């Protein structure tokens, strides 16, 4: 194993499928059979059954037999739909294009980029979108195109359209809000049409909205938190992917909370992004199933 | 050191003082001087200055010189008031009487009692107050008087008065709500007149009120929590003493959340009670300063 | 859901199988097929493939079709052996007899018994074995037979034989060392013939052997730990099931480390016992695979 | 409060003193008096008494009266020595020169530099010393001089002398080993003459020496750790400053352990460096007292 790469099973030509749909007897067997009969070999299979909603969830990764990854993915998707499942396939070597959104704070921006650069993330960071110029020079050093979109209340609608155009031009399939200090409108989310992961600097649902560290300080909590979630049109209400907390005490000022919180934000967002890129997350009923 | 006791400095005849008041130069020196000049020796001293509110907080423990603990405590309190401080003194060997409130769940009840029995807590658990009979037999085994007060909406006001009488008869100076499933009224709190510590089964301020595990399950959070706080007339809004969380994921049912949460409740309450009994907590502006 | 029980799926008549053996293509499908073709329905299936040792591990739980649990378990075991797997089946409702070993410290003893009594553990605590009398009265209160076996270097071999007889008389299938301060000999382990879970009061492999808190204090570590592991003839070297740590600092005395450590010991042992009783643990190459 | 700085009390002209020596009655009072009588105002004071070794430790921060910081620091040092204390004073605004050592791994290197650049650390990173060229381009982007010292067994002694010369030329007063993969010789440590902080990628004392992740994987531990410590001539045996752990399970490969461990290494080292730069650490008897 090379010491300079953390890039995982980069050379294995496998397919990952995420399935969910109404539970019914025999689903595990039918999926496993389909793969086996076509000469495939399952590397991992993980399933979950929501006993209240009677929904079946599965993540299965396999090396197909003779067919190409594309053919086999398409055939599996057809099969899964036949048995009543929503399905999404991907391959670990497919590196989706990512658009990174940032404002002035650099901690999450650098953390995501450095993990990607060290081979930790199976993706391509295609561009940075920002409403400030603070991180432009760093993005240039990293070799990532930087698009500066200054935003005001007045120009927000039109600027968001330009951002969508920009993201489309790169083929971006995932947005990451690395402490991006603008709220994405419902129109943006609909127009972009791909998942967006945000990190909120509190332990949601506590202290949603603005100035969560101030809120936490005033309430006198003994733990502060951070939350990574998919963005939906309702602010800070999307499906939660990952959360973490850190202990604080009376000696900590709001500035201390911010500093400690930034470490949480980095860790929580980095893990959420990794799970997404490894195709480990299914969303259902405004919650996530994370096959870790 | 005996293996069978965790009872700490039980034989040291020391005084602990908790002070707070408007900050002013020289407070640390004046307190230290007062003790030194009278032949005392400071074992621990910890102070905090709230830079926004300009309030000074101190916990100081010392072995007095020739005077008795009582004389020296009284003299110190007079001195502290002279320099504008609120002050409360105590001695580690004074074992306050505690009233333990419980309902049906036994996990916090047993945890508190067993810690006390093993010498971990400098207190006397004087009595158990309960609106159910479930734990009566266990209390008898532990040798703790058990008072059963069935409660309805109609009789609540009069029963609370009886409870206060009961607590007074034992000289109780601290109430512990060990998952007691009744809300203490403002009248009760006023009538009792001593601190009451509660454990709430969520990470407050998230999921205040009823059925917090159900709320947490429905929101799909990735961490559940528990919070120990002093009881005030406003439900779940008192000063927070201690909080902890545990990771949960999609496989956990509400029942799993309850089970994992019970471990948090025990740990969080046990630590809060210890800090209180060791005279480590000052409350100010609906927050706590914990000198740990 | 009753508020007074945490006993889980107590009424579901399911079978749990733990399998491991040389990896080969199609294992997931063959197991799933076998169950499906006989009318069973898989509730959970979790597998792991050790990519270095090329070993396949699986935990599968299913509701069988028409056959009885006993018949189906036997049939499955025969099938699993045919495909080259080691296999062990059990049913959630089968409550194995447990023998609890304790000495003077009561914290783990009470914790395990109280969890069992509240319905958290699918087992029967059949008896307590102790080399001291300290916990006898508590065991009587809990209604558990207490067997006192005073032990010396001289009588150890013969006493261990008596203990094995005692355990056999109850049909004990699991031993739990709840801070039992005697080392079980290789002869005992062989003669007893069932798994034994121990909790060691350090973060193994650091501070193996005697007086781990003293060792930790002297080295000045900033975290102390506890470790639950299966007992093997080599002291503190068996497969690790569960570990946890807590932060300590310079103010903590050895007594504080002991107190904080006891909380870790309880939590770590309780979780390890739960996993074992839920048939979630496979051991292989002196390590554990825990299907949580 | 500016959102772009985490630099703390940068404008307060205070003195921090770290004291330790034989305990004696009245030390707290004498120190507080000395400060008060000269018109100073104590911002923070924290003391510790090692009850076994009978040693007194104190960290005190104050704003002096009319004298300059330099005069007052010198006067305090003289006073402290008179009362038998070892003493070291510093000022929060004094930014010591730091020498950062790195090899090929960049995660700790970037983490330390980015924290410093965002104003989190009161220091100047004066230079990078490396036995590889991998991070040279990044150092240039950050504007930090990079000194490449290729090292072999044969040239080690002479290269270390060159490194000391290099560090001296910058006035470096602290060395940080950001996963620097060379062992510093006793001669280097003596010749450099200032503290050096290292991060070891295990939970010391477990898995000291080479390849700790491999060792952890083979032992099957359920937690991996990282440890920041001061470097002494005995490998991995210096006073421990900070430790942290993360949970691992059977699915984690050695590569996963490395990845998870890198996050621990960053957090543990970052905190240890902060404590050192804020003059919070006293070492005594191969342990640290951290006034946090």
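Structure notes:
In this document, chain identifiers A, B, C and D correspond to the written order of the chains, with residue numbering beginning at 1 in each.
Criterion: contacts are C-beta pairs under 8 Å (C-beta built on N, C-alpha and C of every residue); 3 or more make two chains touch, one makes a residue touch a chain.
This one's a predicted model, so the numbers in the text were calculated from it and none came from an experiment.
Using the average of C-alpha coordinates as each chain's centre, C ends up farthest from chain D.
For A-C, the equivalent interface among the listed pairs B-C, B-D or C-D is B-D, as over half of the contact pairs agree by residue number. When the C-beta contacts at A-D and at A-B are tallied, the pair with the greater total is A-B. In a homomeric contact, the two copies may use the same or different surfaces; for chain C and chain D, over half of the interface residue numbers are shared, pointing to the same surface.
Mean C-alpha position of chain A lies 35 Å from that of chain D. Here the spacing of chain A and chain B, counted between their Cα centres, is 42 Å.
Counting partner chains per residue, chain B shows two or more touched chains at no residue at all. Interface residues of chain A, counted against chain D in their complex, comprise 1, 3-4, 6, 8, 104-107, 110, 114, 118, 120, 138, 141, 254-255, 258-259, 262-263, 267, 270. Note for the complex: chain C touches chain D at residues 48, 50-51, 57, 203-207, 219-223, 225, 239-245, 249-251, 253, 285-290, 292. Against chain D, in their complex, chain B makes its touches with residues 25-30, 32-33, 35-36, 40-47, 49.
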